[in-house]
Amino acid sequence: MTIERPLDALNQAKNGAVVVELKNGNTVRGTLRAFDIHLNVVLDDAEELKDGEVTRKLGRILIRGDTVTIIMPTE
Amino acid sequence: MTIERPLDALNQAKNGAVVVELKNGNTVRGTLRAFDIHLNVVLDDAEELKDGEVTRKLGRILIRGDTVTIIMPTE
Amino acid sequence: MTIERPLDALNQAKNGAVVVELKNGNTVRGTLRAFDIHLNVVLDDAEELKDGEVTRKLGRILIRGDTVTIIMPTE
Amino acid sequence: MTIERPLDALNQAKNGAVVVELKNGNTVRGTLRAFDIHLNVVLDDAEELKDGEVTRKLGRILIRGDTVTIIMPTE
Amino acid sequence: MTIERPLDALNQAKNGAVVVELKNGNTVRGTLRAFDIHLNVVLDDAEELKDGEVTRKLGRILIRGDTVTIIMPTE
Amino acid sequence: MTIERPLDALNQAKNGAVVVELKNGNTVRGTLRAFDIHLNVVLDDAEELKDGEVTRKLGRILIRGDTVTIIMPTE
Amino acid sequence: MTIERPLDALNQAKNGAVVVELKNGNTVRGTLRAFDIHLNVVLDDAEELKDGEVTRKLGRILIRGDTVTIIMPTE
């Protein structure tokens, strides 16, 4: 799907699975429920990953935008 | 519950238990009393956690938003 | 006492004792005299703490808000 | 092609291949689909590179602007 | 003296001696001549201190506000 | 040539060679094509330098302003 | 000379020698030609110093304000 602005990519990914990489080197994945222009994001059924393995179940989380490096829609 | 914007997740969590992870690697949990758009948050009955164990009783705390990485409502 | 916004917690703590944790890992305590929306704070009779022991008497200090991680009212 | 403002360079690079270097030392390349004034960028068919070798296939990614150091159009 | 806002503490300290602690761990003291809301400050007769000893005479200096952690009026 | 404001120095350097030092310790040089008030800059024929030796040919690059420490016009 | 605001100190120092200390620990000196409210500064005949010795001749440089910690007029 074509997009015009970066946040369009998140709009298309809403309610789907995303992987979020954080400035502290952590990776979380979950279902994208909400986001804003700062890239604050809310994920449901979030899990922390290390080397592709789930290391922690987090449930719903709000991630502060300035801690995000990359968001990858995965479906 | 569905949410439209990231801070809606905090509105729903108000007066409930949350876990807050900080940029310095610390984790605190407590009862969410107040927050603002910077993610400054006030917790009551806050406790510092290490490896899931309570290491310090903090009482009421104000956490500066820019030190927050993740907020997890836990109920 | 109930509060609506994060800074209400500081308003209630005014002229009382607070502990302030800083991004550089230092902890100071003192009597909260003034604060603003950036969390710049002025403490009177401030003391630096390490492992709960007073390591330095500082008198009146102005702490720049962006160096603050947590403010704990202690009375 | 001549450009007037820095973002003109990204406009010319749109839908072409770019390499993006990040503050954490990582390098990704992909097809530039969207960007904004913060240098938030969306890449399609993104790949992570180490020493010029592809180490991970990432698909579509949104990179937060403040994590970018350099963007190189490569065609 | 009572103060209403954090910068009132600097107003009262003007033309008096202050100690300024910096994010890089350095400490300087001098006579406070000017400041602004960013906590940019100008000191006259500034000296760098280490463990309470003067290590360097700096004369007049402008310190960029975002490098300040604490300002202590000392008289 | 006299200048009034810092960016005047970049205006005079436009289409000439500049060396740019980055916060991560890297140095690049190239022909300055565009810049803005954030010090986002576009260089053509950019090269990465280490100890004065060219270590990598980069072609056209956009450098994010907040990663810049120093810009030196060299002609 | 008396000053009212921090930048007045730079106005008085214009076209004179200054030493600028940077967040990365480097020190440069040169003739102050221009500055702005961000503390972006342009120096002419700039030199990099280590332990008081000149280690590099830089000529004209633009220093990005957020990399500055201290500016010292030296005449």
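Residue numbering begins at 1 within each chain, and the chains themselves are lettered A, B, C, D, E, F and G in the order written.
Assume contacts are C-beta pairs under 8 Å (C-beta built on N, C-alpha and C of every residue); 3 or more make two chains touch, one makes a residue touch a chain.
Just so we're clear, the structure is a prediction, and the values are computed from it rather than from any experiment.
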Required steps from chain A to chain D (each step between touching chains, minimum): 1
Distance between chain centroids, defined by C-alpha means - chain D, chain E (Å): 42
Whole-Å separation of chain centres (CA-atom averages), chain B against chain C: 19
Chain centre separation in whole Å, for chain F relative to chain E (CA means): 34
Multi-partner residues of chain A (at least 2 other chains): 66
Sequence of chains encountered when the ring is traversed from chain B in the direction of chain C: B, C, E, G, F, D, A
Residues of chain C defined as touching chain B within the complex: 2-10, 23, 25, 39, 65-66, 68-74
Residue numbers on chain A that touch chain B, as the complex places them: 22, 24, 28, 33-36, 40-42, 58-64, 66-67
